[in-house]
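Look at the two complexes coming up: chain A is in both, with chain B in one and chain C in the other.
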Partner chain A sequence: MMRHILVAVIVVLFGLIFARMVGGYVELDALRPLALDYVTRAPVELGTPNIITGILITYRGFDTLGEVAVLFMVAASVGLLLKKDDAKPASAKVSSPKVSGEKTAAAKPVLAKTEAARAAAARSAAAKANASARAATAGSVAVKSTKEAAPAEDDEAAPREASEIVRTGTEILLPLIFTFGAYVIVNGHLSAGGGFQGGAVVASGVMLMLLARPGSTLNVALLSIIESFAGVFYVGLGILGLVLAGGFLDPRFLPKGEFGAFISAGAIPLISALLGIKVGAELSVIIDRFRS
Partner chain B sequence: MLEFLLLLVCASILVSGVLAVCLKNVLPAMVASGLASLFAAVSFLLLAAPDVAMAEAAIGSGLATFIFLYAIRKTGNGKG
Partner chain C sequence: MTTGLPVSTILLTTGFLLALIGIWGMLTHRNILRIIIGFAVMDTGLHLVMVATGYITLGTAPIIDGALSKADAASRAIDPIPSALVVTAIVIGLSVTAVMLAYAIRLYAAKKTLSIDAFTESKW
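Entry: the complex of A and B
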């Protein structure tokens, strides 16, 4: 009872704070001085039609670096926390009763793979496991359809084949999602978007791929290497800006080019691409860690 | 017109937020929280912030929802 009253009091206090904030709200008819400064300077100094990306990568480049560092730490700590669980679900997978004998056979290469080093050889094993899993589901259509009808009530954590709709939809949508992600990344200086948003789009494409093919695994080692190199190059470009232009993460050491052209705005497209690669790889690794 | 749309979207955020808290079953609650993120992304778009909307739609309603899904699966559908 005491707890409920306390919670109610806290909620009312928060309500009062927010009511004050909303009550004092008036729409500004002019930009604040700092915003006005950025808006007038960014197109002239940086040559970016999309001012937001220009601000994020140049004037607030240090903040972006901090954001990326936070994301890196999140990925690292997720990997650290969820690493020990890797062995447990794998052993539970084998001991748990299976719907069909064929599915255990399909799950075994996956198990062997999670324990072995994630090398290139693992990829072919995953493909094989997937193919055999597909054959297994084709053999037991009745089992599959009941599982499709009630995905929420599925108690076993073992990877099972996704439904026909998800698989076919993924095959159609995946290239489009990846293309859109790449478009958003490399056009960050021209239209809405940029490295962070595009990286998130690419990572959601990776997520769709993992949903449609539960037996497959990501090559986490390769992704980590790519991500680390993207980070190193990002900081390297920043230092290059320090040496050749005005300061750390200043993209103006490359020619500004024609306003609105694809190759323009100094090093902003390069930095954006590196950010996109880094964010996409990091989020993909986080998703892969959360999969059982 | 814009104000009306914005009010509608904000009401949707509220409703899905309350649903996410109140629903007893974990899976629909997760979907409701994803829906709240999606409506938030729409509201950002209406407020002329497409960059933020893109990040919110991809991360808030896409990735976060499915990370919840994996977490629910690992903890036995939230029943245990």
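Entry: the complex of A and C
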């Protein structure tokens, strides 16, 4: 009881602070000087229609790099915290490799293909529609083949089999989700979207996949390699900017192109794609770590 | 529909209310998972507040396209900086939540309970 009164007092005090802040806030009717600078300079200097992406990837690019490093550290520390103790889960370990062994082989092409498709989509505008369509069909075929193998070996496994609705829904939605994720990532410089958002969409697809097939495993090693390379290329592009253009992570060492075209805005789409791959892979690894 | 209130006031109020609910939830609940949910709610509320401070009366999204020309941008676009910072804040919030959940799993493995009353070692 005492504690609840104390909590109520704290919340009321916070409420007072917040109420004063809301009361004293006057809605802006013009941009602040820094924002005005960004808004007028970003489309001209960087050639990116989406000013927020310009800020995230160029003007505050170093921040974004640090943020990606934070994500990486979280993936690592979650792995460290949830590392299986040797004594206790021995019995769980014995049963899982048998189930997972065959599935890793099946899961690998799915991931490899979507990654490849995303990279391809980032590289060429013309091939984009084709590549994602191919990835979509390839993805669903691979998912199907794994699923056919699943019921036979999951009989004695602890996690309950996903229902028909979930499995069929996954089959239809998964390629769509991955394609949409790739679309959001590679259109970050033109419209609302970008690496972080698209990466999160891709990771949500991975989560759906893991929910629909509880027995399956992600190829964490492959994902780690992919995201490490994405990180290395990200820093590499930053250094290229330092050498060829105005500074670290300056995307202007590639031609600006036509304003609003798919291939434009210098290296921003490239950096965005790398960011998306990295965020998608990292979030997938984090999700997978929580599944044990 | 117009309410007479400025848009940013509505957003700020909603955001701060969510933050208060989150603080209340964090302080009253004894289950660690609920405390984490309280944190996530508070986090979301503060993100709303940050975005709200970037709103400019009758402004639109800072994306140059058919609806917003380059010349118009300076007068009609909203402040893009809070929006860009909120992307960062969301990612950091997610990271903190993920680490907290990992700790919750460890704590559960240690005591087989998620009630914070069971963890008396770190209580002063």
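Throughout what follows, the second predicted complex is superposed on the first by the 218 of 292 C-alpha atoms of A that agree within 3 Å, B and C clash if a C-alpha of one lies under 4 Å from a C-alpha of the other, contacts with A are read in each partner's own complex, and residues count from 1 in each chain.
FYI, contacts are C-beta pairs under 8 Å (C-beta built on N, C-alpha and C of every residue); 3 or more make two chains touch, one makes a residue touch a chain.
All figures in this text were calculated on a predicted structure; none of them were measured in a lab.
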{"item": "Which of chain B and chain C A:Ile286 touches, first, second, both or neither", "value": "both"}
{"item": "Which of chain B and chain C A:Phe62 touches, first, second, both or neither", "value": "neither"}
{"item": "Which superposed partner A:Met21 touches (first chain B, second chain C, both, neither)", "value": "second"}
{"item": "Contacts of A:Phe262 with chain B and chain C, given as first, second, both or neither", "value": "neither"}
{"item": "Which of chain B and chain C A:Leu211 touches, first, second, both or neither", "value": "first"}
{"item": "Touching partner for A:Ile52 - first (chain B), second (chain C), both, neither", "value": "both"}
{"item": "Which of chain B and chain C A:Phe196 touches, first, second, both or neither", "value": "both"}
{"item": "Touched partner set for A:Val74, first chain B, second chain C, both or neither", "value": "second"}
{"item": "Comparing the two partners chain B and chain C, which touches a greater set of residues in chain A", "value": "C"}
{"item": "Chain A residues contacted in one complex by chain B, in the other by chain C", "value": "52, 85, 192, 194, 196-197, 286, 290"}
{"item": "Contacting residues of chain B [partner chain A, same complex]", "value": "27, 50-51, 54-55, 58-59, 62-63, 66-67, 70-71, 73-74, 76-77"}
{"item": "Residues of chain A that touch chain C when the two form their complex", "value": "3-4, 7, 10-11, 14-15, 18-19, 21-22, 25, 27-32, 34-36, 38-40, 43-44, 49-52, 55-56, 60, 63-64, 67, 70-71, 73-74, 77-78, 81-82, 85, 191-192, 194, 196-197, 259-260, 286, 289-290"}
{"item": "Interfacial residue positions of chain A with respect to chain B in the complex", "value": "52-53, 85, 89, 152-153, 155, 157, 184, 192-194, 196-197, 200-201, 203-204, 207, 211, 283, 286-287, 290-292"}
{"item": "Contact set on chain C toward chain A in their complex", "value": "6-9, 12-13, 16, 19-20, 23-24, 27-28, 53-57, 61-65, 70, 73-75, 77, 79-81, 83-84, 87-88, 90-92, 95, 98-99, 101-103, 105-106, 109"}
